[in-house]
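All chains are identified by letter, namely A, B, C and D, in their written order; residue positions are counted from 1 within each chain.
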Amino acid sequence: MKKALIVGATGFGGLGLIEILLRHKGFQIAQLVARKDVGKKISEVFPHLEGFCDLPVQSPEEINYNDIDIAFFSTPDKAGMYMIHTFYEKNIPVIDFSGDFRFTTIDDYTIYAKNKGMNTEHTSPDVLAHTVYGLPEKYSEKIKKAKIVGNPGCFAIAMILGLLPAVEEGIIDSETIICDGKTGVSGAGKNPGEANFYPQRYEDVNTYREGHHQHVVEVENIVNANSTKKHKILFIPQIVPLNRGILVTMYADVQSNINSDSLFEIYKSYYSNKPFIHITHRSCHTTDVRGTNRCQIRPSIDLRTGKLFITSVIDNLIKGQSGNAVQNANLIMGFDETEGLMVPAFYP
Amino acid sequence: MKKALIVGATGFGGLGLIEILLRHKGFQIAQLVARKDVGKKISEVFPHLEGFCDLPVQSPEEINYNDIDIAFFSTPDKAGMYMIHTFYEKNIPVIDFSGDFRFTTIDDYTIYAKNKGMNTEHTSPDVLAHTVYGLPEKYSEKIKKAKIVGNPGCFAIAMILGLLPAVEEGIIDSETIICDGKTGVSGAGKNPGEANFYPQRYEDVNTYREGHHQHVVEVENIVNANSTKKHKILFIPQIVPLNRGILVTMYADVQSNINSDSLFEIYKSYYSNKPFIHITHRSCHTTDVRGTNRCQIRPSIDLRTGKLFITSVIDNLIKGQSGNAVQNANLIMGFDETEGLMVPAFYP
Amino acid sequence: MKKALIVGATGFGGLGLIEILLRHKGFQIAQLVARKDVGKKISEVFPHLEGFCDLPVQSPEEINYNDIDIAFFSTPDKAGMYMIHTFYEKNIPVIDFSGDFRFTTIDDYTIYAKNKGMNTEHTSPDVLAHTVYGLPEKYSEKIKKAKIVGNPGCFAIAMILGLLPAVEEGIIDSETIICDGKTGVSGAGKNPGEANFYPQRYEDVNTYREGHHQHVVEVENIVNANSTKKHKILFIPQIVPLNRGILVTMYADVQSNINSDSLFEIYKSYYSNKPFIHITHRSCHTTDVRGTNRCQIRPSIDLRTGKLFITSVIDNLIKGQSGNAVQNANLIMGFDETEGLMVPAFYP
Amino acid sequence: MKKALIVGATGFGGLGLIEILLRHKGFQIAQLVARKDVGKKISEVFPHLEGFCDLPVQSPEEINYNDIDIAFFSTPDKAGMYMIHTFYEKNIPVIDFSGDFRFTTIDDYTIYAKNKGMNTEHTSPDVLAHTVYGLPEKYSEKIKKAKIVGNPGCFAIAMILGLLPAVEEGIIDSETIICDGKTGVSGAGKNPGEANFYPQRYEDVNTYREGHHQHVVEVENIVNANSTKKHKILFIPQIVPLNRGILVTMYADVQSNINSDSLFEIYKSYYSNKPFIHITHRSCHTTDVRGTNRCQIRPSIDLRTGKLFITSVIDNLIKGQSGNAVQNANLIMGFDETEGLMVPAFYP
C-alpha cells in the first residue's frame, strides 16, 4: 500500500479524499494535516467518519516526510506555494487543489490571482515550469511523470472537457465561446460566506464574477493550447440552491458541414477510451453524476439557429476536485486509472 | 369595487390572484371557479386562506355572468379557448394565463402547441385577431381597450423585458440571441410531475426542451415586431431546486460604439416611467424580486469579449403570472397600474 | 403617524419590522440604527428594499430621541440592557427582542444566561421590576401601559400559547410537560453559524441544547404563573432544513374526564377573541402560517394512550419575533391590535 | 456468487438494493422485476446506473426460478402476499419490504392495514406463522434459518433499536412511551404524493397519522415481546423538508436508580458486538448516518425532570430499508453480516 498524506484534511476536499482512499486498494491514508483542529481525531471534526478513519489531525510542522509516497494539498490558494520545495526536493509527488500550480507562467498566475481578488505574488515561481495541469483525459502521459500536478478548478474541468473535442477538431467558428455555469454551494468550501447561509441561499439564484471568474484563465490556456485558433471564453458563473453539482451550457458558432450526428461521433471517438467521460443524447442532470467521478457531456447542434450547444455536468467535489485528484494519483503511482473511483451516483 | 371572476382558482395562478386581490382596493373576488374541488371552500383547498377567503369553489357551469366585471382564466392550455365566446359576447374582459390567446395567428399557435407537445387545434380562431399580448410595459394603450389579453409566459416575459431596449435601439448585431434560463419548480404548477417530487428535485439541475421551449415563439414575435432586424432566440431552459424565481442570462453581439455606460442609459431611459422595472449595476438575485411584481435587469457589455450580456430576474408566479395579470387588469379598469402590487420582496 | 425607531435594523428582526411597518397605517419608520453598515442605506444592505425603504443606517450615538414615539430593540442579548435607561427616562416605550427584559428577577435572568452560555451579569437590574412579558394574548392590559416589553422567545411563544388553556383549566395531571420543538434556520439570525451553511444544513436534522434551551425559563415562568400546579418543561429543540417555521409537539397526562371534544371547546373558548390564534382539528403545517402573525394550535387527546397531545405552529420571524412585537406596539399606541398584521400566508 | 432477484426494482427500495449489491462480494444481481418499465434497461429508468447495471426489467411472469438464491421483494403492501407461495415451495428465501410478513398473526396485520387505510385481507395467512421479523440486532439466529423475513418499517426500526436496551433491562416505569418521529420525504417512495412536490414540501413541516401510524403495531409487538411489562407507544410522525433521514426522540419515565452513566453502559453493553449500532454522547445528526446502515443512538436521563430521553437516527433508505435487508440476507447466506454495508456517510 502506498502512503498518502492529506494536507487540508478538515475541508471538503480533504474529506472527499478520505472517503475515496478508504475504499482504494492501493493507497493507505498515512497522515492528516491541517491548521485547525490539530490534535483532534478527524472523526471528531467529521463525526460520520468514526470507526472508518480516526487518525489524528497534525500540524504542518509535524509532517513525517519519510513516510509519504504521495501528497495531496487540499489547501486554499497560497498554502501550497509555501510548502512545495520540501516535497519537490524529497521527490514526493504533490497534487495541489488550488490555483498555485495550475499555470506554468507568472503572467497567467497573476491574472488568476487578480480575478480572485488576491495579491499576485507567487513565492515559488521556480517550480511553475515543472508543473503539469491535472487533466487526465488529456495529459495522462505527462501526469504519469509529474512531480507537481495542479488539479483543475471545478468549473474549469467541466468546461474544458465539454469543449476539447470541438476545439481540437477545429469546428468552432466564433472567436468567443459562451459558457453559462451553474454550481452548487459546496464548491465554495466549508465556510462559503454569508450569502450561503441556509436562509440566504435556499431560495436564491444569482450571477457573480460575471466575465472575470478565475477559472477562465485555465480554460483559455488549455483550449487554445489545443487549437489552431485563439478562443476567448465568456464565462458567467451562477450559484443555485444545490449542494453538489455543476452544469455548464456552452454556445458557439460551428462550421456548417457539421451536424448533430457527426458532432456526436466526434465526441464519442475523442473520449472512446476515457472511463469517466459519458457522451449522451439525453438532457443532462446533475443527479446523474452526483458522488461520482463521471463527466457527462451532451454535444448538439441547435436545428433552428445552427449554433453549437454543449452541456456538461460533474460533481464539483469529485470530478471537480478529490476524485480527479485520485485519478491523477492513480496515474502517477501506476494504478488502474479508475481504482477507488468506480461507484454509481448517490441517488436519490 | 369591481367584481373579479377567477377560473382555475385552485392552482398556483389562481392562488396568486386571490392573494393579490385580497389587498387590492379596486377589486373584489366575486366568484371562484375550478373543475376539481367544486363545492369546497377555497380555504379547504388552501388552508392558509381560512379567515381571509372562504368563498366556495364553483364549477364552470355555475358561473353567474351578471356579476363579473373582469375574468381571469388561470387555466391550462385549451381551457380558455372553449370558454372565450361567452365572455367576449357579454363584453367581459378576459385575461388568460395560457398560450391560447398569446398569438394573433393560427400559425404561431401551431408552433407553440407543437413545442409543448399538444395537439395544434384551436377552437376559437376567430378571436385571435382581437387578442392583445399582455405586456403592460410595451402595450399599455392596447391593453386598456382590450377584451382578450393573453398573459405572457413566465420565461417569455423575463426575456422580452430584458431584450426590448437593446432590440428597439437596434444595437444588436447578431441574428441569434442566446437565452440561458433558470427557473424554479413552481412554474410547472401544483402537479409538476415525477421529476419534481422532493427527492428527485432537491439536488438536481437539468436542461429540458433545449432550443424548442414553447415560449420562444412569443419572444421572437414581440422582439421582431419591435426591431428592424429579424432575430432568432436560442433558448435553453433549466430547472433548478428553487421554488420561485426565474433568472435568464442573455448573450448577443453588440455594435462597437455602445459601451456599458451608454447601454445602461438606454435601459434606464426606456423604462424610465415603468414602476416595476428595476435597472441595476449589481449582480441579480432571484431573492431580490421574490413575491413581487418587479423585473430586475442588469445590462452590460463584457469587457474582454465585447459581447452584450443581460441578466433578468422575476418571480415566475408574480411578474411571470398573477401579478402581471393584475397589472393588466388595472390598466383595463382604469386603476393605478401599481394597485395591489407594491409590496417588497418576501425575505428571507 | 407615530414614529418608530428600529435598533438592530440590519438583522432579520429589523428587516421583519421594516416590512410590517411599511404597510402599517399608524407607524412611520423614522430612524434605523445598527452597529454595522452605518452610513449605508438600508436598501444597500437589503437590496430588495430599494424603492420601499431607503433610509440610512445610523449608529446608536446618532439617535435623535426627540423624534421617537416607540423603540424596537431588535438586538442581541446584552445590547438593550445598556441602552434602556435613556429611553426609560425619556418615557419612550421600548419593545426588546432579546432575553434582557423577559424576566422580572435577576435569578431568572441568570438561569437564562447560563443556558445560553453567556455571562450572567445584567447591567440594568433596576428596570426588571418594570418590564412586562410581551404576550398580547395574555397580558394585553399590562402591555397597553408598559414602558418596557420583553418580546418572547420564538420557541417560547409557540409553547406557551399551546399550553396556556390546558394549564389554566387545571387539566394537566403530570408534573413534567414534554415539548418536542422543530425550528427552521432563520431563527438563528443572519449569521447562524457553520452548522447552518447550506452544505451542512440542507440534509441535516439534529437535536441541540437538549433539556436546557434558554426558552425553558420563560415558558415555566408563564405557565406556572397561571397554574395552581407547578410544571416542569422538558424541551428538546431540533433544527430542520427549513427556513421559516416552528412546529412544537407537546405531551402530558390529562384528567380522565376530558375528551377531545371538551378539550377543543376549552381552547376555542380561551382564544375566542384572539385574532391571531387559530384552533384547528387538522394536522398542523408550518406553511399554513408562513409569513403571518398566526399561531395555529391543534389540541387533542390520543385515544389509545389517553395522553394530552398538542401541536402548535408559528412563523418564527413573525409571531415568533417582529409580528408579535408590532402587535405589542399596537396595544401600547392604542391602534387596532391587528393593524399591519393581517396578511395571508406566503404560499407556495 | 449467490444470485439475487429484486422484485420492485424500479422503486427507491430496489435502487438501494442494486447500489449495495453492486459492491457486494457475495451477491450477483441476477434478475430485476417490476410491473412498470418492463423491457427497458434499469439504466434507462435510473440513468445514473448506466455502465454499472444495465440489466433489463422483467415482468413478474418472466421470473426464472431456477436461477435465484435469494429474493428481495421491494414491493408495496399486498404484492408479496400474492407471490410468496411459489418462493416458499421452491425453498427460495424471501426478504419482503412491506407489512405483508411483519406480523405472525392476522389480528396484528389487520390493525396495521387499518392504520394504513387499506383493506385488511391477507391472501396468504398460512405463511404468517413461518415469518421472522427482520431485526438482525435481535433475531439473528432466527433470521439465519428463515425462509420469509419481514423487513421492518423504517420508523419502526429506529424506535425499536432505541428502546430495546431500556425495555429489556426493565427500567422504564411508565406504561406509555412517547415517540416523536421526523422523517425525510424519500421514505414515501418515488411517488410521494402532492404534498411532497417540491413547491409544497420545500418549506413545510407537518404532523400526520398522529397516534395511529402503521408502524406502531410492530414496535409494540417487539418491545412487549422483550419486556415483562406491557408498553404502549404514542407515536407522532412528522415530515420535514429532508430527503433521507429519520430522527426519533423518545421519552419515558425511568427507575430512579438509573443515571445517565449507568444508562449509557446498559446501551453500550447491549449492542457491544453489533457492528451497525453506534451509541454516543453527542447530539444526533441525520447527516452522520446518511447513506449508511448505521443506527446512532443517544441514551440519556434529563437532569431537571428525571425523564428517560433517547434519540435515534438512521437513513430511512438504508438501515430503514435496503441496507437492513442486505444485512438479513448476509445472515441467511452465511456471509459476514457487514458485507457490502461498510461505507461511511455521504457528506456533505
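Just so we're on the same page, a residue touches a chain if its C-beta (ideal position, glycine included) is under 8 Å from a C-beta of that chain, and two chains touch if they have at least 3 such contacts.
What you see is a predicted model; the values in this text were computed from it and never measured.
Of all chains in the assembly, those touching chain C and also chain D are A, B. Averaging Cα atoms per chain gives one point for each, and the point farthest from that of chain C is the centre of A. Residue numbering at the chain A/chain B interface overlaps substantially, since over half of the positions present are found in both copies. Centroid to centroid, with C-alpha atoms defining each point, chain A and chain C lie 46 Å apart. The centroid of the Cα atoms in chain A and the matching centroid in chain B are 39 Å apart. Work out the mean CA point of chain A and of chain D, and you get 38 Å between them. Touching two or more other chains at once are residues 12, 184, 186, 199-200, 202-203, 241, 243-244, 285, 287, 290, 348 of chain C.
Those residues of chain D whose C-beta lies close enough to touch chain B in the complex are 12, 184-186, 190-192, 194, 196-203, 241, 243.
On the chain A side of its complex with chain D, the touching residues are 12, 15, 19, 22-23, 46-53, 186, 202, 243-244, 278, 282, 285, 287-292, 342-348. Residues 175-176, 178, 180, 182, 184, 199-200, 203-208, 210-212, 232, 234, 236, 238, 240-245, 247, 249, 251, 283-287, 290, 298, 300, 302-305, 307, 309, 311, 313, 348 of chain C are the ones that touch chain D when the two sit in their complex.
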